[in-house]
Amino acid sequence: MIHIDLLIVGAGPAGLMAAKEAGTAGANVLLLERSHVPGGQLVKQTHMFFGSEEQYASYRGFDISEILLDEIKKLPNVKLALNATALAVYDDGIWAAEMDGASYTKILPKAVIIATGAGEKSLAFPGNDLPGVYGAGAVQTLMNQYGIKPANRVVMLGAGNIGLIVSYQLLQAGVEVLAVCDGSPRIGGYLVHAAKLRRMGVPILTSHSVKQAAGQGRLETVVLWELDKAWQGIPGTEKVYRADVLCVAVGLSPLSELLRQAGCEMVYVNTLGGYVPYRDSFLATSRENIFVAGDVAGIEEASSAMVEGRLAGLSAAKFLGLSTPDFNAKRNDCMTQLESLRSGHAGERILSGLAQAVIGS
Amino acid sequence: MVKTADIVIVGGGISGVSIGYFLLKYGAKNVVIIERDFLASGATGRCGAGIRQQWGSPLNCIMSKFSCEFFETAVDELGFDGDIEFHQGGYMMLVTTEKELAQTKKNVALQNSLGIGTKLITPSEAKALAGPLNTEGLLAATFHDRDGHLNPFTTTRAFADAFVRLGGKVYTNTSITGIRTSNGKITGVDTNRGSIATNTVVNAAGGYVQNIADMVGIELPLYSKRHNILVTEPVERVLGPMLMSFSLNFYCQQTPHGSFLMGRTCPDQPRDLRITADSRFPVAMAKTIVKVLPQLKNLRMLRQWAGLYNMSPDNHPIYDQVPGLEGFYLSAGYSGHGFMMSPATGQSMAELILGLPATLPWGQLGFSRFTEGNTIHEPSVV
Amino acid sequence: MLEKTGVPTQSEIESVFPSDERLSKGPVAVIECFQSIPCDPCATACPRGAILPFADINDRPVIDNDKCNGCILCMTKCPGLAIMVVDITWSQDRALIKMPYEFRPLPDVGQTVQALDREGTVVAEAEVIRVQYNKSMNKVPIVSIAVDKQLVKTIRNIRTICDTPTTATHTAIQEEAQDTGIVCRCNDLQLAEIRALIAKGYTTIAELKQMARLGMGPCQGRNCLPVVVNELSRALGVPVAELPVGSFRPMVKSIYLGDLAGYEEQGEN
Amino acid sequence: MAIDEKSHILFTKPLHQTPMIYYHSTNTDINLKGDYMRISAHPILDFERGTQVSFTFDGVQVSAYTGETIAAALYAAGYRTLANSPVRHRPRGFFCAIGNCSSCMMVVNGNANVKTCIELVQDGMIVETQRGKGTL
């Protein structure tokens, strides 16, 4: 049994920031990362980040990951475990984990931060299980993490930021992007991303979705069609593409199993991506020693995840009795940053979602 | 919701739906099942669903033989349009101590005398029947090829569908909020969806029978305790029989889906109504099973859960009218065997409630056995 | 239109371009940032202070065209690659456009490349005048091209390898009417099967788990549940938030029984 | 031994009896094969490959680099089909590539149900297409 002050699950942008902040405050931290590389989704983000200087704007995601890791390495009281997956949480406060991909252990932490991130949503359409129909994030992993060209010709389903960014990255890897389509009548992602694709000659078809994927044993053909106002396909509007990969980028869903097992009270908030925990504005859940940060608390940009990670790290340190003299200043800074990241047009949806999930303070 | 009923059954687990089915089969009318959540949402949906006739008391042998034979033809008898997945791969009980061997020999003789064809087999015969079995330390085993296991969800549906077809009514997502009595007699039940006037209530609420009895201020000689189970990822079939051992403290089956499902008796289990997962169980279970079935070390555990055993002082159920309250029947305290005995439960309770001649020895299972010193000894209980 | 197509209209482009008078004075940055988003690196990127400070991170950039000298510093800081520099004074008949170009191969100086408009359509040929790329540039190469002056508001991209892009074909393909798409990969459940069970009265996640092993496979329901809760919501006319979700049980990830059995601890039972 | 094909679903008639077609795992596309698939020139990223190793896939030698997952190495070698689905026996490739789903499960060194999108290659590994549920 491992006895530890703070267990952090997930070494993505939120978990890394949380570890840095709580570690700086003096907590003994065990940071679990299920992958063999830390950084979560940062490692495959080749684009420059939006946001502000405090959230490493203009840096590329994989560079941010390196910066954060370097800072964590300076903290001897923070242990990062790779190939380490949190498996379960029990009502006696014990957490189970698989360590080094092969051994089982139990952990009794005084406090926990869940920063497990999100998984890609799927969509049911004929042929959706053919080899060649992949999550957009999966293609990004293959391409940007392992350096493997995923396809010759791609159709992208989804014009949110992920669909747009991955499409652009596909072009950078030398892949032809035949079309980006989205069921919505408007482009959901940032328009600067859309503009980058359009001037490369990639069509963006709003009010379009996939009718069918087809092929003998693997994807060969993608049929798109136009949707009416009720999001139903309009016969006769089909467009057929010879593609070897169809990327599905229809949104993310928080990976909240551990929060469920822990008995944290949850709420379904569509604009936050699905079921998220009730939390106070400092990211404490309904279980007093469990905190959340990042996409598992609601789907947002990585910049918000980093600030949330920092805030959760501060909250957990305070819970552990480790708050430093500058605690209030740091916490206020986090709150100000989050407020500013969520203040614009794009933040309206997030704020309306948070209004349903944040209780008390 | 109906306003009146001849009989209200509380609980939509396997016992409740079986009682309901047998009541209608033997001529009862206006029978209603009230289920707090959905069918099989309690212990039924959480149980191992093993079916065996290998017991050490004549009563259990008779009850289980009736039940097993019922399950063999249940799809036809109940007119079910699905599959209850009765895998009759046999049930093999492993014997590892001399004391256990002596008791086992007595049990086999008893079973054979009651028409149950259990065989005492050698370790190598056991190995031939269960390939992955490690026979080290094994003295002998018993095997009965008509035992096996079922799918508890579809079996419950099979009873429930037949019950509804015969005119019964099932109200799910409906909670009993009170029981009305007058002059020592049941007069009705209140639910969150309305009241039903009735003179007969059958408490078949499984782990929660005391909660129902509390509504009429009756203390039952029963308690509920947690029992843990885990299941693995599915693989193609390698294990035919269901395995069990008292001395090794485990049972394990490979379901028709391919997953291995296993449980064991853990000490220090809470005796409240908690059914959260036990942090100690996976390791203890894994240590046990990899000794018995070494190949399983290369199989992954998928999930664990827990359910409630409703325990009675002598590990046998109570089928009786509750003394002092006319029309209040109890069917509970199965002590971990409620699923496999459910056809006998239905038959017995129907005979009891409808005043029919007893074809099963349920007369021994009344409350009076505890006060009159006639408790039943079963030497073969996990 | 921009929100629907990703391409700004002519008037939107005009709105961010400096006046003809300013253009005639020499190189100047043009920022095509039409949407208010939380992003502000450009506001601090200019050492001359030509991009006005933001009151809010969601502000859209405003350039003081008198301070801007058309250098490239802000271009490499913009995560949206929304900034270019135009210089109509570069030669008598041609204008110079500097633009970020994050692709390989980079063009060679002197090479003739295709010049594309904001929809990726080839509108002219352009000569590559300069390719700037060094470590301080945050992996954003800047390519300068010379184009016909008339086209400074039209050209926004280049293509270095000139092949014909594939377009949609209209070959009829066999419709597989029975295939409604997989919802659960672990147990191979199709959407139609889930819908049939819902129609039969299994209207909770817990019951679908029991009857079809939905969500009971090695992925622990991560992939199917978000799809199925929406199906249930639609079929029952109940918001997802009001549907019961069923239980979430250990483990999050399958683990070998052998690994579990290898764990040693005092006090296990 | 065969598992009852209908056992996964209890009330719906199978939508269509899927024949037991095992899609050829050696179905590779010449244009999507070999080191051509490994990106060498990228505007943003430099890929540092590990040391070259080899493993077998359904008996065929496949070369890979340490640090790659099995699924990534097979993809680079032109293989798209990793498994036949458990009930309908449809061809399956990976889907999520980060261990969230079960689409990429293969038989590795005799163990079934290995998520190859997160399992790293090792020299000499024996990787096989998983057909159905796999064997113990």
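Letters A, B, C and D name the chains as they come in the text, with residue numbers starting at 1 for each one.
The rule is short, and it goes like this: a residue touches a chain if its C-beta (ideal position, glycine included) is under 8 Å from a C-beta of that chain, and two chains touch if they have at least 3 such contacts.
Since the model is a prediction, treat every value here as computed from it, not as a measurement.
Centrality by Cα centroid goes to chain A.
With A-B and C-D as the two chain pairs, more C-beta contacts join C-D. Chain B and chain D have Cα centroids separated by 42 Å. Centroids built from CA atoms put chain D at 29 Å from chain C.
Centroids built from CA atoms put chain C at 15 Å from chain A.
Shared contact sites, meaning residues of chain A that touch two or more other chains, fall at 34, 60, 88, 90, 96, 104, 106, 119, 122, 129, 172, 174, 255, 261. Residue positions 102-104, 139, 180, 182, 185, 190, 211, 213, 217-218, 220, 222-223, 249-251, 253-256, 260, 263, 265 of chain C each touch two or more of the other chains. Chain B has residues 154, 233, 257, 277, 282-283, 296, 298-300 in contact with two or more other chains. If you draw each protein chain as a dot and join the dots that touch, every dot ends up joined to every other dot. Within the complex formed with chain B, the chain D residues making contact are 1-4, 6-8, 10-11, 86, 110-113, 132-136. Interface residues of chain D, counted against chain A in their complex, comprise 23-24, 27, 29, 31-32, 36-39, 42-45, 47, 49, 68-69, 72, 75-76, 80-82, 85, 90-100, 103, 117-118, 120.
Interface of chain B with chain C (complex): residues 37-38, 40-41, 45, 153-154, 157, 232-233, 257, 266-268, 277, 280, 282-287, 289-290, 296-305. Interface of chain C with chain D (complex): residues 102-105, 139, 141, 178, 180, 182, 185-190, 192-193, 196-197, 200, 211-213, 217-219, 222-223, 253-254. Taken together, the chain B residues at the contact with chain D in this complex read 81-83, 85, 132, 154, 233-238, 256-258, 295-296, 298-300.
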